[in-house]
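I've put the structures underneath this note.
Next come two complexes built around chain A: one with chain B, the other with chain C.
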Partner chain A sequence: MALLDVQNLTKRFGGLIAVNDASFSVESGQIFSLIGPNGAGKTTLFNTLTGMYRPDGGRVLYRDRRLSGLSPERIARRGVARTFQNIRLFGAMTVFENILVGQHPHIRYNYFDAIFQTPRLKHAEKRAEARAHELLEYMGLSDRAFDLARNLPYGAQRRLEIARALALRPKLLLLDEPAAGMNPQETDELKQVIRRLRDDRSITVLLIEHHMSVVMEISDRVVVLDYGKKIAEGTPAEVRNIPAVIEAYLGKGALEKPQ
Partner chain B sequence: MSEALLELLPSVLLEGLLLGCVYAMIALGYTMVYGVLGLINFAHSEVFMVGAVAGVEVYRYLGPHVENPYILALLALVIAAIISGGLAMGIERLAYRPLRKRGSTNRLVPLITAIGVSFFLQDLVRLIEGLWHGEFYMNFPADAQMEALHDLPMGMSIQNKSILVIAVAVIMMLALDHLVRRTRLGKAIRAVAQDLPTASLMGIDPDKIIGRTFLIGGALGGIAGVLFGLLYSQINPFVGFVPGIKAFTAAVLGGIGNIYGAMLGGLVLGTIETLGGTYLFFLTGGALGNEYKDILAFIILVLLLLFRPQGLLGKTQGEKV
Partner chain C sequence: MKPRLSIIALTIAALAAGAALLAWPRSTWPLLAVLGVLFGCLTLNHHKPLRFAIALALLLFFIPAAGTHNTFLFELVTTMGIFAAMSLGLNIVVGMAGLLDLGYAAFFAIGAYTWAIFGSGQASEFMSGSFPLPGWPFFYTFAALAVITGALTGTLIGLPALRLRGDYLAVVTLGLGEVVRVLANNLDHPINFTNGPQGITPIERPPIHWMLKPLEALGLKATPALAYSIFFYLLVLAVIGIVVLVNVRLDRSRFGRAWVAIREDEIAARSMGISLTHTKLQAFATGAAFSGVMGAIFAAKQLFVSPETFTLLQSITILAMVILGGMGSIRGALVGAMAVTLLNIEVLKSFSDFLIHLRQTGFVLNLGIASYNFANLSDQIEPAKYERMIFGLILVLMMIFRPSGLIPERRHRLELGEPKKGACQDTNGGACGPA
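Right, the complex of A and B next:
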């Protein structure tokens, strides 16, 4: 059974069709990549999947239930988390607080607990804090826990975004260009992290990435978008030899031999 | 002459502190709503007024049955907090949320709506009080025990009700600080203030958090209404306007969107106004009297917007809420 089933999804902005009749399905446990040239509609697709945009056509099923049309917070609570191409941390909060915000739906207590500081509340807070520390440890951010998020170096901010997304305890994690701006060493570490997410935590990953080395090494399956349309799908090895893909990336005529 | 004025100073500063506590409590409501919505909620002055009126009604109906004036004051504070908090939440639900859902990006629309709600509430309360009790001016009854004076050093003296005002304001501000910094709700409010779409992707329901923000800000405004009534005794349905606009000034003075700025701005403004009210007459040789004290707040607002528009504690990228 597919974890995420995208069926004929369309999103328009005025006359521009940003996502055009796109269909694909992501199986549980896959690392699934979306690639395509700039402006191909990848981020728009993410925004539509996470409820930030309403689709103009088609639908999205997640664990066989309709996801399209729900509000972002409902979708997040169903277990779909994401990161952003341009990092969107809560910069004026500490690293630790960013993780706690990510756990918002999982910290449960009521006003009675809050006013009378009941053991239930203390217990819920303790658990949330322990989990936050565990996630920071997992993403190698423990020593920066009480720094403001905006003061972290770039690579650490990217890791914090992933940690915050994990705080939601997602089944499906959408990563929007996580390797953007990373140096080769950080990129290698990122590959390990993404693999570990899948292997240790059974999180299915839907990835937008421009670094071809990341896509080709870790993806189980790749979909290629161009002008909002799906132009190819397959394993990394299959996709990289499809003429339409090469053309989309390098322009028409790239395959013709120079005279 | 100047010696007499100097002797007066500690008492004047104490008076300023009391007024500042009231301004700070109102200013918190402006600044919290601004933090999450970027909206100056001009209806907040009426949330404050309704709190004061609720306080009068508690005194009117429960006063004869409750012996202890402190318990009575606490009842008035709690009931006013509930009514004003509920009112603020209702205003958001009925007036602002529909506009937000329509997705208009024009920030004038909710602002003008807020002014409209403000007028509507003033006349609604006037109508209700007129039909109910045939009154325009309403009084918090004097109580000998509440007005009893305690002597303090440096020629100051303080009434029991003034101690109550300071204690309530300090407790509420500490509680708010705890709520915003430590609790799950507080973190969610800060997250929504910093980046609403991203907060919603963390599973936070922005509508719920915005509603809670109005509830908390409104409750503080209602409490401020009762404190105001305790200090100055007489209120009316239009009593919210001037303190409201001054509290707004205080919020801007501290740096709008910043709760600690609102607290500081309220205290600073209350102090300046009381100092001005006392000394303006003497300093100008009688040319300007006590009645000009209100102008001080607005002179400060104008100067501030000219020279430090981000406020005392505000940074251009400061932390909101």
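Right, the complex of A and C next:
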């Protein structure tokens, strides 16, 4: 059974068709990459999957239930977490608090629990804090726990975004260019992290990435988008030899012999 | 300054200021010193119990003791307290949740009218029953009810916030705030709910004969006016205590975190499963509730309410308190309320008096190279008349030199005590609080 089933998904902005009849399905436990040249519609596809945009056609099934049409918060509560291409942390909050916000749907107590500091609140907060520490440890951020998120160096901000997404306890994690701006060493660490997410936590990862080394090394399956259309799908090895893909990336004629 | 040194200095300053206030209860300087010490109690970051004790000593001993000789002190601090509750409430909406609300005085009006209508003969205009309702126990019931009516109106006025952001929200809340005032002004016909522009008076106060005995035991033969001053002073202090407690607790709960999260980044917050609808309405309702209860107390204290009290200017004043103190900062909201109220009803007035005195006595300021005869000072120059200009100036200067306020917001979530030393070293923009 596919964890995520994208069927004929279409998203238009006026005359521009950003995502055009895209279909693919992500199996549970896969690391699934979405690649394509700039402006191919990858991020739009992410935004449509997570409810930021309403699709103009097609539908999305997640664990056999319809996801398309739900609000972002409902989709998050279903267990789909995401990170953003341009990092979106809560800058004025500490690293630790960012993780607590990520756990929001799982921290269950009401308003009056908060005012009267009931045992229920203390228990829930304690558990959330323990989990936050665990996640920070996992992502190597423990020593910056009480720094403001906006003061973290770039690479750490990227990791914090992943940690915050993990706090939601997702089954499916959407990473939008997590390696953007990372140096080679950080990129290597990121590959390890993504593999570990799948192996230790059985999280399925849907990845947008421009670093071909990341995509080729860790993906189980790759979909290539160009002008919103799916032009290829397969294992990394298969995809990289498909002429249409090379053409999309390098331009028409790239395959022809130089004269 | 070293923590120990500064707390010792604060203690000495508190005793000196307190003693000075007892010695000269009518003078402005000791009062400023006392408020300065209170400000210090709010600013320092260590010795929490001791700071708390100093603040309590000032608020529960020195100020009331001096106040028996000068009831104006009670009036001033009570007004500060009323505004402090409101700035704390507005701080939730504007400071924490980042929703610019320019109609905040409306909730104060709702709270005030809640008790004013039923605590006076006004209610018999449109319903049967014997009014005014007696102060005991109905004043307290209605104060509690004002929390609810405040919260409900807050939710109602918060509804546009679900679709609007920034300036647009500010314009709509401004309009809705004015709607409440205009309603209060015009709901005297066809059915007389609010008595229109004349306002409602007299309003019942809760009986306080139970307080006279303990006061006598303290050696104070209090006139009813003085006893009521003391009563409202203590009542407002108690309510402020509760409001601060609720504020701190909400701030540190998932609700406070959700407020700040939507302020920081709505999109990221939503993708963390935070519902904008719930979070924004909760912020509006909570903020309005604090204002509501103070409205009811204000009505009883003043014996009179009229629509004139709840103008746009009032909303802006409260907003100025929040901005001056530091958006999102609870201690900042308290300090902002203290500072602005003080400026409004004490400092500018006494400065005006001072200038008038100089003018009347024909004081000549002689600086050697230049001299000025104050008798020539135009009687147009009277600082109390320029309070709005002075506010504007203060706000502009704040925006330039200290945009995050007197006591900037300090996010903390520490179950392991204080953050480790140096955790704040690379902070930009004073987000770690005054060093």
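As a working rule, the second predicted complex is superposed on the first by the 258 of 259 C-alpha atoms of A that agree within 3 Å, B and C clash if a C-alpha of one lies under 4 Å from a C-alpha of the other, contacts with A are read in each partner's own complex, and residues count from 1 in each chain.
By definition in this document, a contact is a pair of C-beta atoms (placed from the backbone, for glycine too) under 8 Å apart; a residue touches a chain by one contact, two chains touch by 3 or more.
What you are looking at is a predicted structure, and each value in this text was computed from that prediction instead of being measured.
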Superposition on chain A - do chain B and chain C clash or fit: clash
First (chain B), second (chain C), both or neither touched by A:Pro184: neither
Touched partner set for A:Gly29, first chain B, second chain C, both or neither: neither
Comparing the two partners chain B and chain C, which touches a greater set of residues in chain A: C
Partner chain(s) touched by A:Asn151 [first = chain B, second = chain C, both, neither]: second
Touching partner for A:Pro243 - first (chain B), second (chain C), both, neither: neither
Which superposed partner A:Gly91 touches (first chain B, second chain C, both, neither): both
Chain B versus chain C as contact partner of A:Gly102, first or second or both or neither: both
Touched partner set for A:Glu129, first chain B, second chain C, both or neither: second
Partner chain in contact with A:Gln117 - chain B first, chain C second, else both or neither: second
Residue range of chain C overlapping chain B upon superposition on chain A, of 199-207, 361-369 or 415-423: 199-207
Residues of chain A contacting chain B in one complex and chain C in the other: 50, 52, 71-73, 76-77, 81-82, 84, 88, 90-93, 97, 100-102, 104-105, 107, 109, 114, 164, 167-168
In the complex with chain C, residue positions of chain A that touch it: 50, 52, 71-73, 75-77, 81-82, 84, 88-94, 96-97, 100-102, 104-105, 107, 109, 111, 113-115, 117, 121, 125-126, 129, 146-148, 151, 164, 167-168
In the complex with chain B, residue positions of chain A that touch it: 50-52, 71-73, 76-77, 81-82, 84, 88, 90-93, 97, 100-102, 104-105, 107, 109, 114, 128, 164, 167-168
Residue ranges of chain B touching chain A (in the complex, touch as defined): 183-185, 187-188, 190-191, 194-195, 197-206, 317-320
Chain C - residues contacting chain A, complex: 246, 249-250, 253-255, 257-258, 260-261, 263-265, 267-276, 282, 328, 409, 411-415, 419-420, 423-424, 426-428, 431
